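Each structure below appears as structure tokens.
In the two assemblies presented below, subunit A is common to both, partnered first by subunit B and then by subunit C.
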Partner chain A sequence: MEDLKQELKEKIIAALKLADMTPSDIDNEAPLFGDGLGLDSIDALELMLLLEKNYGIRLQNPAEGKKVFVNIDTMAAYVAENRTR
Partner chain B sequence: MPERIFIKSACQISCQSPLAEEWIDSPVALSGNYLRSQDPKFSDFIPPMHSRRMGLLLKRAVVTSEVALRKAGITVPDAIITGTALGCMENTEKFLGKICREGENMLSPTDFMQSTHNTISSLIAIRLHANGYNCTYSHGESSFGSALLDAAVQMRLGKIRNALVGCHDETTEETFRILTHAGYFSEGEAPATELSVSMVLSTDPDGALCELRSVSVENSHSRTADDVYREALAKAGLADFRGDVKILSDEGFSPIFGKNLSLPAAEVYAGAQMVGNGRCSVAVIVGGSCGRSRTVVVLSEKC
Partner chain C sequence: MKYSSYVRMTPSRVVLNEKMLTFEDSGKNLLLEIYRKAVGDWPKFFKMDPLSKVGFVSTELLLSTESPRVKDCEDRAVILFNRSGSLADDRIYEGTIRSREEFYPSPAVFVYTLPNILTGEIAIRNKYYGETSFSVLEKFDASVMLRTLEAAFVDPMTRSAVFGWVECGSEEEFDVCLFLVHREGEGMKELDEKEFERIWKI
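== the complex of A and B ==
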């Protein structure tokens, strides 16, 4: 699971062009949106794309994304459970 | 009653020193057939978290716009009017490349959003919280002339008191290759370059560089250059003016700013700076004379 979290952080930094950040800057429990990383609604679309491209997970319902993208822990748990590749 | 219109400030990012007027006395000598712009340190102007999605052209447009507004002492302009012949080519190429390689599924929303021509004007408005008139003109070499004309008409109608007017075009390697193939760029001419020019127009003369006396966009090349200059001065109410008049054209400015679809904007910027610092009393600009249309602008000292 720790490897998956590290991989997700690396992919998020690349996809969202967080050029000045490293994986160690992202806390597993810190919120991705709002006060944490400060991501916005366009980032949410990019994260949905990231899941589909890399793990074969297609989020059909945007409300589902709210639960999945709370933080790295929730994202990694969802990917581990639902990945098709 | 028509309002008088003034250019309060103007700045550029180009192959010359960015956000400066060093080109007037010591221009960078252009060489080769393709030159990228000299960019400022963008992080001095835009926080990295805000600029992370922006391509080069957007960063240049944001910086020239915000510097021009700051120099003009205006926080939120009444209108944002932008010219761009080709829009954000870097993002357009990325977006189209992904469609070709990966199909139409799973395309990045960022690349799509920033591949549209009106991204520049919209982004500036979002950053400034400017809810007024917002328009983009994409008319080849007359894109800037159309934007300037729109601003002037709205000011003369009394609909707005000031406007941020800009013109922004980038020349990526792929754009250079395609436009060379199409015959727009060719060896032996001025090098292909990029330009981002922003200026603030206002009905307030206080601190202005110069007065915008007239602006027109013409589609015919049937008239001689002398007729164009004479008619432009007459239209500007300067038919009998006997002072120092500078004629600014593509031939004179492409050795300084290179060849680019936004060159008429650089010529108006240059004219405003030259009148503003007393290099001449009146400047007549005939821009885009290589293409199918030309932009004719007359600037004069404030009086």
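== the complex of A and C ==
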């Protein structure tokens, strides 16, 4: 699971172009939106795309993303459970 | 129309008010170098499309000449032009949907597939609430651009504008000629067609 969390951080940094940021800057429990990484609604759509492109997970309902994208821990748990590749 | 500053920028050269600025890099890396040295506090830069990056850093240089840097301008417009619109980003977006097997349209790329997004980026960064427009012309045409600028100043609210040409084929190919223009200003130079073309040829 730790490897998956590290991989997710790397993919998030690349996909959201979080320049000057490294995986170690992202805390597993820190919120991705709001005060955490300060992501916006377009970033949320990019995260959905990231899941589909890399893990074959298609979120049917954007509201579902709210539960999945709370932090790295919730995201990794969801990916581990639902990935098709 | 008067102007207080201008910036002329190509992938290998930056001139700010007759003074050549020295940078080590060129093209895409020049944009990054300018951001690091002259801006540095606007991480959204990294998410911008090529046109917005070019327009953003050149505007930052242009506005760095204001002292103090103006904030919350109700009376400042952003009036820009180019030839290629948002083609640089359009191409990147097309790359995300080209293949049926790899069909992943990127929302972050898609949002930049309009050139007037750049005027919004500038207005948001500087808290400008005046008119913004981005027109696509067949070619650089000082006469048409100045007429458009004059039309913007028909509104008595408009007292100054970020104005000019921001062409961008890619992060490696761009050509900028921007002015900070004013309705009136003591000691400022007149911006007419001849002066615009003189600076364009620098």
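Note that the second predicted complex is superposed on the first by the 85 of 85 C-alpha atoms of A that agree within 3 Å, B and C clash if a C-alpha of one lies under 4 Å from a C-alpha of the other, contacts with A are read in each partner's own complex, and residues count from 1 in each chain.
The rule is simple: a residue touches a chain if its C-beta (ideal position, glycine included) is under 8 Å from a C-beta of that chain, and two chains touch if they have at least 3 such contacts.
Worth saying up front: this structure is predicted, and the values here are computed from it rather than measured.
When both complexes are overlaid on chain A, the residue A:D25 reaches neither subunit B nor subunit C. In the superposed pair of complexes, A:K53 makes contact with subunit B and with subunit C alike. In the superposition on chain A, A:L45 contacts both subunit B and subunit C. Residue contacts after overlaying the shared chain place A:K17 against subunit B and subunit C alike.
When the two structures are aligned on the shared chain, A:E64 is found in touch with neither subunit B nor subunit C. Where the contact sets of subunit A with subunit B and with subunit C meet, they give residues 16-20, 42, 45-46, 49, 52-53.
Residues of subunit A that touch subunit C in their complex: 16-20, 42-43, 45-46, 49, 52-53. Contact residues of subunit C toward subunit A in the complex are 43, 46-47, 104-108, 111.
For subunit A in complex with subunit B, the touching residues are 16-20, 38, 42, 45-46, 49, 52-53. Against subunit A, the residues of subunit B that register as touching in their complex are 48-49, 52-53, 106-110, 113.
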